[in-house]
Structures are given as structure tokens and as C-alpha cells.
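Consider the two complexes below, in which chain A is the common component and chain B and chain C are the respective partners.
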Partner chain A sequence: MRIIEVEHLTKYYGKARGIEDVSFQVEEGEIFGFIGPNGAGKTTTIRLLLALIYPTRGRARIFGKDVFRYGPEIRQDIGYLPGEVFYYERMKVIDLLKYAASFYPRDCTRRMHELAEYMELDLNRRVDELSYGNRKKVGIVQGLMHNPRLVFLDEPTIGLDPLMQRRFFDLIREENARGLTVFFSSHILSEVQRLCHRVAIIREGRIVEIADMETLIRNNYKKVRVVARDLDPAYFDLPGVTHLEHTNHTVHFFYRGDINVVLRRLSALNLTDVTIEEPTLEEIFMHYYQRDES
Partner chain B sequence: MNIFWHEWKSGLRSLLIWSGVMALFILISVTKMAGYVNNPEMTAVLKSLPQAVAAAFGLGAFDLTTLDGFFGVMFVYFALMGAIAAATWGSGVLSREESGKTADFLLTLPVSRSRVLTAKALAALVNCLLFTLVTGVVSVLAVQSYQPDASFYRLLLLEMEAMFLIELIFLAIGLMLASLLRPAWRAVSVTIGLILASYFAFAVSNISKDFDFLKYFTPFKYFDAAVFMQAGRLDGVYVLVSLLIILASIAVVYGAYPRRDIYI
Partner chain C sequence: MKANIYWFELRRKRNSLLIWSASIALVALLYMGLFPTFADYAAVLQETLKRLPPEYLEAFGMAGVDLSSVTGYYSFVFTFLQILLALQASNYGFGLIAVEEGQMISDFLVSKPVTRAQILTSKLLAAFTALTLTNAVAWASSFIFVEMFREGRPYDAHPMVLMLGSIAIFQVVFLSLGLAFSLLVRRVRSVAPYGLMLSFGAYVLNAFGDLLGDVKLELITPFRHFDPTYIVRNNAYDMPLVGLSVAMIGISLAFSYWRYIRHDIPAVV
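Let's turn to the complex of A and B:
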């Protein structure tokens, strides 16, 4: 079953572009990555799906229902963890969570305490005493305590220390195994790679690619830097090599294909240094950007 | 109900502060009243004031040496405080979710915007009702040593009715502006600006017949103590005009707020 269906969704803020002609589907039980640099339109898309803002054009359905008409009904089964979490400053965490829980027909108390314990959150603190990371933990508990069918995570790891990040990822995997569909928005490629089954790449308000994680990784570029005396860049002009650059004793290029081909070439050289690494997200976007132009 | 109670508790501090200010104002005024009421010398002093000055301060129509006359002058201050308190409550209940960035929390819960709106408006309405009650009760207690008669109680009741209507007008306008303006917190200052302009229009319309036309634009003139004290009742036409302003504003709020784009 399709949990999210987005068709030609477009949002302009006055004349400023929010998103343009965004279409995608998320299937039940998926962890769907939504990746793009800051300002690409990730948060705009999520705010539209939560009916916090209204579209200039296009349609969106969750659980088969129009999100702008059936918002309250749909949100019964949705959790939302915003990038920056804001709560009423003078409330205690436990009162805040009880207030949120009072909007759901089912009893959330047991799950609330389980999640708080798991994330090591002290429920008796006041919101204004909490650090950024602890506010995020309140957001995680609030987003999951009512056992939603779908959860929106907007840059969920910002503010969490590495230990808590790992715990949080384990939690999401566990909930996913129980049937939770996850919409995971991030600008950090590695965390999307770790968690997601499928990923959409958004850039300047438009979707530039939707692919299985496996396909994306298999097709992924390696960034190679070779340092050696008397290098001839033409030596690396192989099929699959792009962006070949030569400065002093260093050659840079991107490579897509069988990595052994490059390694055999390298082994014939007397190298000073070599690095082979994942391109940064920005570099991947450069790739999509240039392909658009050609 | 959960939103209503949450809102009402959030607004309680503001209600207590306003009630304290109002009680203090009444007590100080009644203390000063001792110098006026039943004091023939004061009558002479007041008569010697230039007419325009007396009119601008709303003194012209009242005999300050009687309890009723003194409370006639007090009314415009009740109305002014009620209007400002109601305006901050009306615009505040909506705008503080956006200025405090909690709108994302509240509006992503499974509740419709119109239900949020109803709960918030009711919480502000209850505050207005309680503020009016506090004003009336403190007034009654404060004047007990002057042996108030039935005519005083009739006047005070009319003043409280008029104060409540003026509060409702500016509560509704505050809600409306908060649902239309961006950023929403601007509604607080714009509504208060509107109140001060209305009060100025009221004062000017009292000074000169040339500015008589201003009376249609200022709720303070709809319920002029000098008039309803004489008539013994509020002007039915202006009660109707007030209700129309309130209903129109509320209609705009229910049209605009559910369609409002929420940014934080």
C-alpha cells in the first residue's frame, strides 16, 4: 500500500521558490530517504505534508487521503520530529508529553516511559532547562509514543551525541521492523546510506533522482587523488573517469565502475600518496547538476 | 477541552496582573474621590475649568461631586484598560504559538485549526468575562463607605455591560489581525495602536461638533457614559453595530486561520 503519494507539488513563498513539481511515492514499511543540501526544499515538503502550509499547486495524499482536507484524521497516525524542537518553555517535560498524549485516543503512557528511559530523558525537568540534545529527545518520545504508522524525521540526528544517534537509529530500525514507515530527511549522506531503503535527491526545489539505496551505492562515484612525480593525466583517462584535473604532482578525478581497473593502474606507479574516498554530497549534487545542463 | 485549559492556564498570569492593576486603580481613585464627593469647594473649582479642557477629559457631562458622576468619569478608564487587555489576549493567544515557535507542535497534533481557534478564543473570552467581574466587584466593595444607592448599582451594571462589549470588540479584532498579519506578533501592537487611535477620536469628538462624524469609528463613543447614564440603557443601535463588528471579525478569523501558512 502507498503511504505517501505526492503529485506535482509546488510551493512558492510569494515569488521565492519553495519546491517545484515534486512527485514521489512512499510504500508501506519503507524507510524513505529525502536528501538535499540546506535550502533545497526538504522542510517545505514536510510542512506541506503536515498541512502546516498550503501548496501553490499539486496534490498530496497520506494513507490515501488528501492531506489538506483530512489533516486532523491523518495526523492521528503520524509522528513528526522537527529539525529544531520548540516546546512551551515553562512546562515540565512530563506535562508537555501528557498534553500531547491527550490528543490521541489511545493511551500513550507506557510507551512514553519506555521511550524516555531508552533515550535517557529525565521527564521531570522543565523545557527551558533542557539542552538542545535533550529537547530533541523529547521530540523523539513525542513523535513515537502514540505508535504512529508513519513518522517524519527532519534532520533527526542534529544535536544528538554519537551514542544517542546510534541508539536512535536502532530504535527506528526496530519500529520499522514492526511496520513503521519512515520519511527521513537529511543533508548527511552517510546516515541516509546507513538507514534508508530508497532515497529521493532534491536540489533547488526539484527532485533530481529517486533510486534504491543499493543502486545508488553501486553507481556511486569514488573520488581519487593520486600524488606522484611526473604524472601524466592521460594515464588515467579511462572509461568511467570524469572531472580529471592535474595540478603540480597531483591528479584528481571521479571514477564510476570497477574499482580494480583503477587499482591495477595505480599499482604500476611509484606513488607518493593516494586517497580513494566517497564524494561529498555537494560533489554528488555537482554531478546531478551538470547532467541536467547537458 | 485540553487546549482550552492549557490556554487558560497560560493566560492566567496576565489576567492576575491586569486584575491587580485594575483593583489598584479603583482603590486609588476612590481614595481621591473623598476630595470631590459632597465637597462644594470642588464644585466651584471644576466649574472654573475651560469648557474644552473639561470636555477633553470627559468631565463636562458629569457632576464629580456625586458618586454616580465620579464613576461616570471612571468608565472611560475601565473601557480603555478592558480594551487593551482584551486586545493583548485576543492577538496573543494566536500569535504566541508562532513567536514562541510552538505552532509546529500544536498544529501537527491530530486537531483541526478551527478547533484550536475555538478553544483559544474561548480561553480569551473567559479572561475578559473574569476581568469585567473583578472590575465590578472591586468597585462595589470600594464604594461601600459612600452608601451607594440603587441608581449607582444600575449605572455600574451598565458600565460593566459596555466594558464587556468593548472588550469583545477588541478581542475579536485582535484575533482577526493575528490571523492575517505576518509576523503574527505584530497584531498585538497594531491592535493597541487601533485602540489608542479610537480613544483619541473619542476625545476629539467630545471637544467639537466639527468632529462629530468620528463617533461612528470609535467604540468608546458607542458606549459613552455621559449618554447611557442619562438614558438608563445602552444605545441599541450601537449594541447591534458592536455585535456586527465582532461577528464579522470572527468570520474572517475562521476563514483565514485554517488557511494560514505557518512558518516559524
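Let's turn to the complex of A and C:
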């Protein structure tokens, strides 16, 4: 079943671009990564799906229902961890969480304590005394304690120390195994690579690629390094080759296409060394971001 | 209306409610406490007042009112209570939605399974409850201190009941005007300057509006709609103007709901 369906969603803030013509689907049980640099439109997309803001054009459905018409009903089963966590000051964490829990029909008390213990969050502190990372933890407990079917995580790991980040990822994987669908927005690719099944790459408000994590990394691009005497980089200027770089006796490039074409070229040369490897997501990502500039 | 939002918002108002109610009681006590002295020197006082320009008396609610009578003097005290009540109500109005949005915490509430109309209604009812409790303090302290300091002088309770009875609508006008204005302003960082502007603006317009001559601008201020001197003189409300207040409530609430339901919740950019 499709949990999220977005069709041609467009948002302008006055004249400023938010997102443009964004379409994608998220299936039930997926961990869907949403990557892009700051200002690309990640938060705008999430806030539209929560009906915190209204679209200029386009449609969005969650659980098969229009998010702008059935928002309250849909949000029963949604958890949300905002990127910037602001809460009512002068309140104890426990009181804030109890207030948050009071919006849901089921009793969240047990899960709330479990999550707080797991994330090492002191429930008796006052919210305004908390560090940024601890506020993030409040957000995590708040977003998951009512056992939602779908959770939006907007840059969830910023502010968490590495140990906590790991715990948090374990938690997300565990919840996902129980059926939670996760929408994970981030600009840190390594974490998306670690966690997500599928990713959408957003750039300047537009989706530039949606692919399986495996496809994206394994099947699409190869990173090729060739070492030989008297190399002419023009020799590798084939269709599908990008980012061709030449230093001393070494040529680097990315290749997308039939790998045999490159191999045939290579076999004609007297090589000192060659490596063909999968690029990291980071490198693929840089590729998408630089393509239009070159 | 959502009970959990209502109780949460009401509890958040606890401190402010205590402070405003205490201020109301204190002002009633201090001014009524001066009454015995005032009444004793009534003759001298009336002579002095006669020599002051009538515009001045009008501005401070002392024209055509016998300050040596209990009811007359109370109507003068009531003007000060009105200023406090207007301040409190406009602060609540400006603070209802705008403060949260200014501090970026509305995401918390709006991303919950509630409609925006439910949020606004619950918050309005919580504010109205707080105002009603203050209203009750105004009634109680007025009658207690009048009884305490009238020293056996006779008085007619009816105009006093009329004045106190006008508080509820008077508060709601400022509450809904504050709310409507706050939704027009891009971002409200602090409530106090806006609240002051609205309530004192309305007060000054009433007090000095007569000086404007033919332009009847002062007719729009709620201070004029519930003018205590009018109530004492006529032992009745100025019904067409009360109707104007009610219309202002209707318009600002309708606008506020329309605007709040449709607008984008601000976020950190």
C-alpha cells in the first residue's frame, strides 16, 4: 500500500521558491530518504504533508487521503520530529510529553517512559534548561510514543552525539521492522546510506532523482581510476563518462552505462594499475549537484 | 473545542490571571479608599472642578458626574478598571496565536490530530475563562470596597450593576480585536507594546476624541460604547453603540478564524 503519494506539489512563499513540481511515492514499511542541501525544500515538503502550510499547486495524499482535507484524521497516525525543536518554555519535559500524549486516543505512558529511558532523557528537567541535543531527544520521544504508522524525521540527528545517533538509528530500524514507515530528511548522506531503502534527491526545489539505495550505488555509477604512462584523457571521453580528471599518470572519471565499453578501451592500454569501484553516495550526490553547473 | 488544549492554555494563564486580578482589586481598593476624603470636601471640590475646562473633565470622565455621590465617584473609579481590563484582554488577544508563532512553537500544536478551528476555539475559550475570572474579581472588589468606604452614604446599585455588567462584552471586544490585529501583523515578538497600543489608543481616542470636532472617530472605541458617565447619567446602556461593539466582535472573530485556518504556520527559514 502506498503511504504517501505526492503529485506535482508546488509551494511558493510569495515570490520565493519553496518546492516546484515535486512528485513521489512512499510505500508502506519503507525507510524513505529525502536528501538535499539546506534550502533545497526538504522542510517545506514535510510541512506541506503535515498541512502546516498550504500548497500553491499540486496534491498530496497520506494513507490514501488528501492531507489538506483530512489533516486531523491523518495526523492521528503520524509522528513528527521537526528540524528545529522549539517548545513551551518553563515546562517540565514530563508535562510537555503528557500534553503531547493527550492528543492521542491510546495510552502512551509506557512507551513514553521506555523511549525516554532508551534515549537517556531526564523527564524531570525543565525544557528551557535542556541542551539542543536533549531537546532533540524530547522531539524523538514525542514523535514516536503514540506508535504512529508513519513518522517524519526532519534532520533528526543534528545535535545528537555519535552514540545517541547510533541508538536512534537502531530504534528507527526496530520500529521499521514492526511496520513503521519512515520519511527521513537529511543532508548527511552517510546516514541516509546507512538507514534508507530508497532515496529522493532534491535540489533547488526539484526532485532530480528517485532510486533504490542499491540501484543508486551499485548499478548506476562506477568510479574508475586508471594509472598508465602517457595517458591521454581524451581517450576516455566516451558517452556516459563524467568528471574526467587527469593528474600526472592517473585519470579519474565516473561512468554510467555498459561497463564492457570501458573495459574494451582499457584492454587496449598498457596499464600500471586500475580500480573500478562503487562511488559513495556522497560522490553520487556531488555529481547531481554539479551536473548543471558544468 | 478540545478539552486538553483548553485546560493547558488556562493553566498557562494562571500567573497572569493572578497579577491582573490583584491589580484590579488593588486599584478598586486604593480609589475607593480615597472616597471618604473626597466626599467630605465635595463642596470645595465641585467648585474647583467647575473652574477646569470642560474638555479636561470630559477626558477624565468627571464631567456631569457628582463625584460626592457613591455612584458618581464609582463611575470615575470604573474608568481605571476599564483601562486595566482592556489591557489584559488585548494582551490575551495578541498573545493567543501570535506569540507561539513568533517563538516557532506552533508546529507542536498544529501537527497534532486537531483542526485549526479547534485550536483557536479552545484558546479563545481559555482566554475568555481567564477574563471572566478577572471580571468576577472586579464585581466582588467593587461591591466590597464600595460597602467598606461609603460610610453610610446611600447609593443606587443599578448603574453600578450596569457598569460591571458591561465588562464581559468590553473584554471580548479587546480580545477579538487583539487577535485579529495579531493575525494581520507579520510577526509579533512581544505582546506588551501591541496590547498597550490597542488599549491606550482606544482610551485616548475616547478621552480626547471630542476635541477632533465633527469627525466622530471616537464612536469606534469600546471605551465610548461603555462610557461610565453615560451609564450613570442615563441609568442605561447606549444601545446602538453596544451593538457596534457586538458587531466588531463578530467581524474580528470571523476574520480571525478565516485567516488562521488558511494561513501558513511560520517556520525557521
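Quick note on the criterion: the second predicted complex is superposed on the first by the 223 of 294 C-alpha atoms of A that agree within 3 Å, B and C clash if a C-alpha of one lies under 4 Å from a C-alpha of the other, contacts with A are read in each partner's own complex, and residues count from 1 in each chain.
Everything below uses one rule, namely that a contact is a pair of C-beta atoms (placed from the backbone, for glycine too) under 8 Å apart; a residue touches a chain by one contact, two chains touch by 3 or more.
If you're wondering where the values come from, they're calculated on a predicted model, not measured in any experiment.
In this superposed model built on chain A, chain B and chain C take up the same space, so to speak, and clash. When both complexes are overlaid on chain A, the residue A:Arg198 reaches neither chain B nor chain C. Judged by the touch definition given at the top, the superposed model places A:Ser102 against both chain B and chain C.
Once chain A of one complex is fitted onto chain A of the other, the partner contacts of A:Tyr54 extend to both chain B and chain C. Of the two partner chains, both chain B and chain C are touched by A:Tyr80. Under the contact criterion defined above, the residues of chain A that touch both chain B in one complex and chain C in the other are 13, 47, 50, 52-54, 71-76, 78, 80, 82, 84, 86-88, 99-100, 102-104.
Touching chain C in their complex are the following residues of chain A: 13, 43, 47, 50-54, 71-76, 78, 80, 82-84, 86-88, 99-100, 102-104. Interface of chain C with chain A (complex): residues 2, 4, 8, 12, 103-105, 107-108, 110-115, 118, 262, 264-265, 267-268.
Within the complex, the chain A residues that touch chain B are 13, 47, 50, 52-54, 71-76, 78, 80, 82, 84, 86-89, 99-100, 102-104, 142.
On chain B, the positions that touch chain A within their shared complex are 2, 6, 10, 100-105, 107-112, 115, 259, 261-264.
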